[in-house]
Structures are given as C-alpha cells and as structure tokens.
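Note sheet for the following structure.
The letters A, B, C and D name the chains in turn, as written, and every chain counts its residues from 1.
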Amino acid sequence: MRFAVVQFPGSNCDQDCVHALRVLGQEPRIVWHQETTIHSDEGVILPGGFSYGDYLRCGAIARFSPIMQAVKAAADRGQVVVGICNGFQILCEAGLLPGALTRNEGLHFRCETSYLRVENPASRFTSHYLTGQTLRLPIAHGEGCYRAEPDVLQALEANQQILFRYCDAEGRVTRQANPNGSSLNIAGIRNLRGNVLGMMPHPERACEAEMGGTDGRGILLGAAGIGRPI
Amino acid sequence: MKPKEFALSLGLTEEEYGRIEKGLGREPNENELGMFSVMWSEHCSYKNTRRELKKFPTTGPAVLVKAGEENAGVVDAGDGLALAFKIESHNHPSAVEPFQGAATGVGGILRDIFTMGARPVAFMDALRFGRPEAKGEAGKRTRSLIKGVVEGISHYGNCVGVPTVGGELVLDPAYEGNPLVNVFCLGTLRHDQIRRGAAKGVGNPVFYVGAKTGRDGLAGAAFASRDLTEESKADRPAVQVGDPFVGKLLFEACLELYARPDLVVGVQDMGAAGLTCSTCETASRGGSGIEIELDRVPQRETGMTPYETLLSESQERMLIIVHKGREKELKEIFSRWGLDAAEIGYVTDTGRVVVKQSGKVVADVPARLLADDAPVYEREAKVPAKLAERQKLDLRKILPAQPRLKEDLLKIANSPATGSRRWIWNQYDHMVGLRTVVRPGGDAAVLRIEKPGGGWVHVAMTLDGNGRWCAQDPREGSKALVAEACRNLACAGAVPLGLTDNLNYGNPHDPEIFWQLREGVEGMAEACRAFDLPVTGGNVSLYNQSPAGPIHPTPVVGVVGKVEEGVKLVPGVFGSGLGVALLLGKSESGGLGASLYLQEVHGQIAGKPAPADLESEKRLHRLMRSVLKESGIRAVHDVGEGGILWALAEMTFGPESAGAEVDLPLGSKERVEEALFGEGGGRILLEVDEAAVTAIEHLAKEAGVGCRTIGRTGGNVLRVKCGGEDVSWEVRELRGMFEESLPRALES
Amino acid sequence: MKAIVTVTLKPSILDPQGEAVLHAVQGMGLKEVKSVRIGKHIELEIQGGDETTLKKKLEQISGELLSNPVMENFHLDLRTGG
Amino acid sequence: MKAIVTVTLKPSILDPQGEAVLHAVQGMGLKEVKSVRIGKHIELEIQGGDETTLKKKLEQISGELLSNPVMENFHLDLRTGG
C-alpha cells in the first residue's frame, strides 16, 4: 500500500513523514490540500504542523479543505487514515475520531520525549508491539489534551480504541507521566472500525537511531500493512 | 513645517539635512525625508559603527558571500553545500511587547536567510533579562518578560516548522531595564542556489509579495510629523504583529519560485524601513533604478499616505524582481500558496528610486545616496573612569578565611542564573525537520544536513556572549567568548567555518560606551584572525539603556562549524558504569576575576576575566577533534562559567545521574576557590573508558596539550579533593536544584 | 451589518487558562473573584446579502467552524446598522 | 455578580487569526463577510465585595492583566444579579 501525505498550508511535518516512510522503504505521494482525490489503494497521513496557523482552534480550518472530503470518503471505504499531532486534531475536528484536543493543561507547548504504553496490540497500528510494551516517542504540541464526554471515554475504553497512553519509563500510567492533562492519559486512539488512527506523539521522528530511537517504525509499518499483519 | 525642521524632528542632524539637500540638488519633501531618516539611522546605515566593523576579518577560502554584501553571509560546507546564517536583535520591540517583539524578531531573521535562497533549518536564541526572583515590581516585570519572549519565539519558530536548537539565557540585573533578544537562523542551500538582492535588467518587473501593508511600526523613532501626529495615537501602532503562518507560506513559495530556472533576478526582504529599504538597496546593488506605484501595493488599511506606505514595517513581505515575461509563473506560485503578489513597478537605468502615487511622483531619490552614502561618524572613545577601580580584586576581602566549598556549589546549583534551561527549550520544537542530532542542553547543537548528492554533512553551532566578562574587560572578554564558542564546537568535533555577531551596547554618543564597543570589536577581530574565522555578518544594536543605566557591553557571537569526518558525537554528561575523568588543556584556573562565582556566591562583579590564550586554545581544539575520532570516549564538556567544579557538576546531570570522584590541581599561588571556580578557558573535561586513556595521552603529548587523569566517574556522589579540601555532594540533590531553580524562580 | 459570535467553553470542560488568570487576579488582590472562564469574541463585518439567509448561514458557520460542539457553546448576535 | 471583559485588538493592529478565519468563512460561501476580528471574552464570577471598589479594581485588572494596552482595548461590563 502507498501513502498519500496531505500537505495543508502550514503543515510542517509533511517532509518528515515522507523521509521516515522512505527510510522504511515506502515511496509516498504528497497531496496538496486543494486536490480532491485519494486513490482507492492509498493510505492517508495527515501530518503534524500548524495548518492554517492553527488559528481559531487547531485543525478547525483544515477540516474544510477540499481534500478532506476525499479523506472522509477513503476512511468510509475502510482505507487507512493516520493523523499525527495536528493531523489528530484535524481528524477530531472533522468527526473522523471522537473528542477534541485542547490546550495543554500546563499551558505551555511541550517538545520532549514521551513514554507510551501500548494498550491494544490487536490493531493494525500496534501489531508490531506487545501489550504493555513501552515506547519512546517525541511529542511536540501545545494543544494535545484529549477531551471527550464521559460516555465517549467509556466507549473508547470498552471498545479498546485507546491504543497508546502516556506512561513513565517503567510503563506506569500515572498522572505525572501525562504531559498535557489528557483524559485517561490518552495519547492515541483509533476509530471503531479500526482503520483511522489519531495520535499526538510523532512516530516519524523515531524511525532512525540517529534521531534518538526507532520505536516509531512499527506504527508506520503496521499502518502500511507491513510486518505482522493481523 | 519647513523641510529642515521636519528633518530635525525625525532625528536627522543639520549636517545630514545639508547632505541630503546637496545630494538631491533641491529641497527634499516629507516623504523623502522620511526615507532618509530611516535609511540613515544607525539601524540601517551603521553610521556610528561602520569604521569599527571594517576591523573584522571577512574573507577566507570558505566564504561564498561576504559580510555586508547581502542579507546574510554564506559559507561553503563542502560537497556543493552552502550555509547561510546570521543573527539579529529585537531588543526594544521585545521590551515593549515581549511576545510579539520576540516573534517578529524570529520572523525577521528567517526572511534574511531565505532571501539568500536557503531553506531555513535552525534557530538559536540569545536572551538576557534581569533577575526573575527579584522582589517586587522588578521581579514581576522580569518574569513576565521572560515568559512572553520565550512564548513569542516558540510561537513563531514552532509554527514555521524550523527547530530552535540552542541558545542562551543570562539573568543579570544589568538587563533589568533593557532585555536582549537576539535570534540566529541557519539555512542550507547548494552553491548554485545563492540569490542576490540586486535589481538588474531595465524593464524587469518588480513584485511585492506576502502580507498586506498596514501602519505597523510607524510610531518608531523615525516617526514624527505634524500632519500625522494629529491623528489619534490609537491607530498608530508601534507594535508589529507577526504572522508565522504567512511567514511559512512565504518561504515555501519563495523557495519554489527560486527553483524555477532563470526566473528570479533579485530578492530582498522588507524588514526595517520596508519598501524604502528594499527598493533602494536592490537598486543600489544592481547599479540601477526602480520606479514603483504605491496604488498597487496591497494594503490592509485604507487611506494610507505615501509616507506611511513607504515606511511601514508590516511583517512577512518581500520584494522580488523577475525576468520580464515570467510574471505569470510568479503569480501562479504565490496564488497557489494563497499569498498576494502585486507588480508594483519596474527596473530603470536612472539610478533613482522613483515613487509615485496615483501617477504623481511623491519621492525621487538616487538609490545610492539613500542606501550607501549615509554619513560615517568617528565617535569619541574614552576609557571608563571607574574601570580601573572595578578591575581591582582583593580576594582576601571577599572570601572567608576557611573555604565553604560545600555551600558555595549548592548556592550555584540553586541559582536560576545557572539552572537548567529545559523550561525554555521544551517550549521550542527542537526536532522538527529530522535534522537535530544533538539537541539543546549541550555545548553545541549538531544538525545533519543532506548533501546535494545524498549522504549527510554534520553541522555544529553555538551562541555565546558574556556581558560580565566584557563589562570588566571588553577586549579580553570578547576574545574569550570567541574562544569559548570555538571550544564548544570542538567538543562536537567541528571546525569553525564562520562567525556572525550581534553587538549589543548602550548609547554610542557616550564615549565610555563607544570605547567598550571599539575594544569589543578589536578583541573579537583578533580572536577571529587567530582562529582563521571569517565574520560573515551580524547586527548592531545600540542605545540599550534605561534610566538605571546601560546594559553590560554584550557582544554575542554565533559560530557555525562542520563536524570532521570520523568524529563520533558524545554527550556532555556522564554515562552509566565506571569511567576515567580526564582534564585536557591548562591546569591553571585563570582566577576569579569577573567570575560567576563572585557574582552568585558573593554578590560582586570585580576583577578582570582571565585573558584568552588563543594559541593554546587552537591546539586544544585540534586535539579535541582528533580525540573524538578515537573509540572509548563517553562524554565531553568544556569548562566555562562556574569553573571546573560547575562543569563537573553539570556532567553529573545526565539521565544516569552518575557521579565522580576527582582530585583537582591547585596552582602554586591559588586559593582553592580559584582553582575550582575560576573561569579561564582552554580546558575540557572528558569521560573515557580506561582502555582509551593511553591513546589520548599520546595524542595530547603530540599536540603539546596538557592531559591529566583527575579521577573516576560513577557512583551517585560528586566528590572533589583539592588543596587539602575534600568535599562531597549527593548528585540527586544537586540535580534537583539544577532542574528546579529556573522554573521555581519564574513561578515566584 | 455586524455579527458578533461569542464562543464559550461548556461548563463541564476545564479551562486551565481561566484558572491561571483566576490565580493572577486573586494575586492582585481581587479575592472576590471566584472563577474565570475565557472564551472568544468574534466580530464579523458584513456587507450586502439578505438578512434571513445570512443569519442561517452564520448560525451554521458559528456551529461548525467558529465553535467546536464537543466542547463549546456559541451565541450569535446580529447587529444591523452597526 | 458577573463581570464580562471583552478584549479586542486596536483597529490597525494586524489580526492574523481573524485573517485566516475570514478566508475560511469566505471559502465556505459567505462572500458578504468583509472582515473578521477575534478578541477575548472573559467571564469573571464575583462574590461579595463593594461594587464601587470592585469596579475600580476590575478596570485596573482589565487594563493591566487581561489586556495589553499597547495593542488592545477592553470593555468591562458588570452585571449584578446575573
């Protein structure tokens, strides 16, 4: 499967995603936000950055980009859609994932290495990992605090849609290990059908040892359907 | 108002007015005077400092674009790869509105870099404020300045997707009334992609691209006129608001435009003095003229006068000259990125900048007169009357009879002046772009840059300044900071390629201040020559003073270097397991003059900084680079502020919190405090495997550099013996203080 | 015509920025202030168009773009002749 | 008692956020919208205290803390019994 990496005005991790995918042997296609086609054999990546300056609310304006119709249609057809950081925010704004991402509890932008606990390896995005495995992935966001109504949170839990939670180096999901105040320490979720992933941490920044680690590879490979498919 | 009176009200002198009249051959009108007042200001013309700047060495085999030629200097990094970099200050705007002041500072330096044809890949920021833990209003104001400035840099830098990979923060009462915000940007390009800011080719169209023009920045020093001041102050904003979103679109669009073969003739950003500066500079560089029509300038506000349009400092705008017939391509690219692109004029051969509004000439000035013929002044310089007094240092009056090393180090560890800067760089995206190999927190940041033909070049960079050293001895202090910057690069195995400097001083009309500046420039120039290091550009920021007095003389240097082939990068902190601690370089401390120790522990700034020994520094740096090619090197950190003891403490602040047990040399006439806290340069600490020691000793001997085994690393205690003293600290305790001191001070 | 859209956080959603301002306000001596909530005040200048259609369109945009129904409420105030 | 402080940018200060929203709104078909400016809507809940003193204090805080006088204006609206 090939990835289409969507470029919104203000995206700034698009080239990083392309680079990481190339490191993993993929050759993605860059898709400008004004385009209207996602091919039926493509997966979609909505990369990080500040689409439309993140003005108003992160992802609020990007959601109305022409390409988003096609992304929605692709998701509805069951194609893979991955939203990373700003991409996650866009997916929530667009209603492809439930909930919303709000200002970090500490009110600061945070760029650092976070630890994630893999909650559910029975998903294509986590198939390279084991339950409870701890991953080291960078975060870089000012609005990554996941919020949803209590019933939505319950449903996420019940349906095992929470794929990653912030934890400490030992894998303990604690309040202290939560960098942004997210409900239930949520770092990444999938939709019910299992083809849409949204996560605040950046797997594309963790695909090469020189960049500080390779824990993110499995997520991108899994999304591409490579390696341990389920 | 008569033209002459108007000129004086704009800050031009009588003599300058005469010069303008003579150059024009007639009375200038108000628009023209406005243009001269900004172009001939210190900020744009360097009229007070140009003679001094000439003292810098600016040539060398690696220099592709020299200082002063274009918006930023460019150096060769090998393999067809070039690096453009420069530093810029935004001190006064940040004092008024810290968030927007700092943000627009980032935007400004960003434009200087992509104007050169380079893709911006890294920022660094050098910040100076008063003490955040100060009581009362002063502390409150400082805290809000720090928070605002850091947020502003974070806002702009993160949004444009250029990582901020390093910088400095200095907290000293000398900056309380006048903070310093200096921002550095580095860009990468191929040799054949270098762009020039010259308007050439008669008839070629001149485009205005980017954000619309408003009345931003008009209430600055250059703004004053009877007609205009009658309007309400409310809509005359001195505060420029940056739009990083448009900044990002602008550089992507420009880079896309440059990639089209033979399309662009010249580019120039609109920074200070906006349209005025960009038209007259491009015309002057091209030996041509430019004619523009102001009605075609995209405007955000209605009813702007020619004066306002010409002098507006609205952000995120560029001037681009393309080959005739290629207009459509430019328009297509900019419209795709959702940006305005307006053809506002064309290149002429008259040598004049002619400005029209609604077809009527509103200004007509020789480009060279405006851009290059500003007067140059020789300012008076005088040794400060109190300098000799301040340089005296009698340690017997300051130090206690019995050393109190234990407390001394705790005091330093607990001070926000030395605490971890994590609170700052966690707010900066320092990883975006996938180039940051060595992240903030160490001696130098290292980026990997893709070579034109594939593969990576590793580039190291650092910002350094030390106002305290320079206050006590501007010449030696400036030399020492260049040496320190080069030493930082050596710790990353890099050979310095070029230096950019920001000269932050007080009012140059004060002879004592001008003396500081001249000494500073001469000291830096001497050090640069010693290191074969060309100055490729920089910035001057004067008048940094408040009613409480001038700031410390504060030159800040940014040095960029290339990591040598074969070097293995190592962290600046001890790893796990047991290793050997080595000290490379001098065994003398250089004494406590102008030291952080005296300021933080004894509340005094006294004495002279240790003079830099440039020859031995060079040998040390060369040795360091070859040592880093050996195996078994675990950690490297240079000795700087806080002396060898603080450098050791910093090395224990790694993820492992590993300690060390060392025996440190004491000079024959030294007090133990001097040995431990003296800031003399020329020293580097290493942690190595036992097995590597012999090879390093051998290399050091060959290089003629001292190498001494001072102890062992490991454990959870830092234990130091020196001159009969034997003191230990719990690493965890020190580290806790180090991590907490700055955030705590900011929350107070 | 002018439209003013006020966007406020739903009561159940935490407002950390409001909390921070609350502390600062209390710190400045205003102990009587018990809570602070921060929302958005959006002013749109409108020229021409039919008022009824506009109003409908503005309601829609306020709900879809200007506010996020997951966490915010909005109030639309149309002012003619403003 | 409730205080509502509306903080708006001074007219000639650039509002990048408003610009971006303007484009989006126009892109969604509302061509009649000619300008968008975004400010803050701050609600303070107040209990007790003397109204005149409070008002003075609130004015001060609105000017010093809630808005930045070099680029913003504010409007204070005190609502008793709200």
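Throughout what follows, contacts are C-beta pairs under 8 Å (C-beta built on N, C-alpha and C of every residue); 3 or more make two chains touch, one makes a residue touch a chain.
All values reported here derive from a predicted model rather than from experimental measurement.
Colleague: When contacts are scored as defined above, which chain pair ends up with more C-beta pairs, A-D or A-B?
Modeller: Of A-D and A-B, it is A-B that has more C-beta pairs in contact.
Colleague: Return the distance between the CA-based centres of chain B and chain C, expressed in whole Å.
Modeller: Roughly 41 Å separates the two chain centres.
Colleague: Where the centres are mean C-alpha positions, what is the separation of chain A from chain B, in Å?
Modeller: From the centre of chain A to the centre of chain B is 36 Å.
Colleague: Taking the mean of the CA coordinates per chain, how far is chain C from chain D in Å?
Modeller: The separation of the two C-alpha centroids amounts to 10 Å.
Colleague: For chain A, what residues touch not just one other chain but two or more?
Modeller: In chain A, residues 52-53, 55-56, 61, 64 touch at least two other chains, as defined above.
Colleague: Residues of chain C that touch two or more other chains: which are they?
Modeller: Residue numbers touching two or more other chains: 40, 65-66.
Colleague: Which parts of chain B, given as residue numbers and ranges, touch two or more other chains?
Modeller: Within chain B, the residues that touch at least two other chains are 243, 245-246, 338.
Colleague: Edges wherever two chains touch, nodes for the chains themselves; is that graph a line, a ring, a star, complete, or other here?
Modeller: other
Colleague: Report the complete set of touching chain pairs.
Modeller: Here the touching chain pairs work out to A-B, A-C, A-D, B-D, C-D.
Colleague: Which positions of chain B touch chain D when the two form their complex?
Modeller: The contact residues of chain B facing chain D are 96-97, 100, 211, 214-216, 234-243, 245-246, 300-301, 314-315, 338.
Colleague: In the complex of these two chains, what residues of chain D are touching chain C?
Modeller: On the chain D side, the touching residues are 6-8, 21, 24-25, 28-30, 32-49, 54, 57-58, 61, 64-66.
Colleague: Touching residues of chain A toward chain C in the complex: what are they?
Modeller: It is residues 56-57, 60-61, 64, 92-93, 98-100, 102-107, 147-149, 181 of chain A that touch chain C.
Colleague: Going by the contact rule set out above, which residues of chain B touch chain A in the complex?
Modeller: So the residues of chain B in touch with chain A come to 154, 158-161, 243-246, 248-249, 336-338, 425-434, 436-437, 439, 448.
Colleague: Name, in rising order, each residue of chain D that touches chain A in their complex.
Modeller: For chain D paired with chain A, touching residues are 16-17, 20-21, 24, 27-28, 38.
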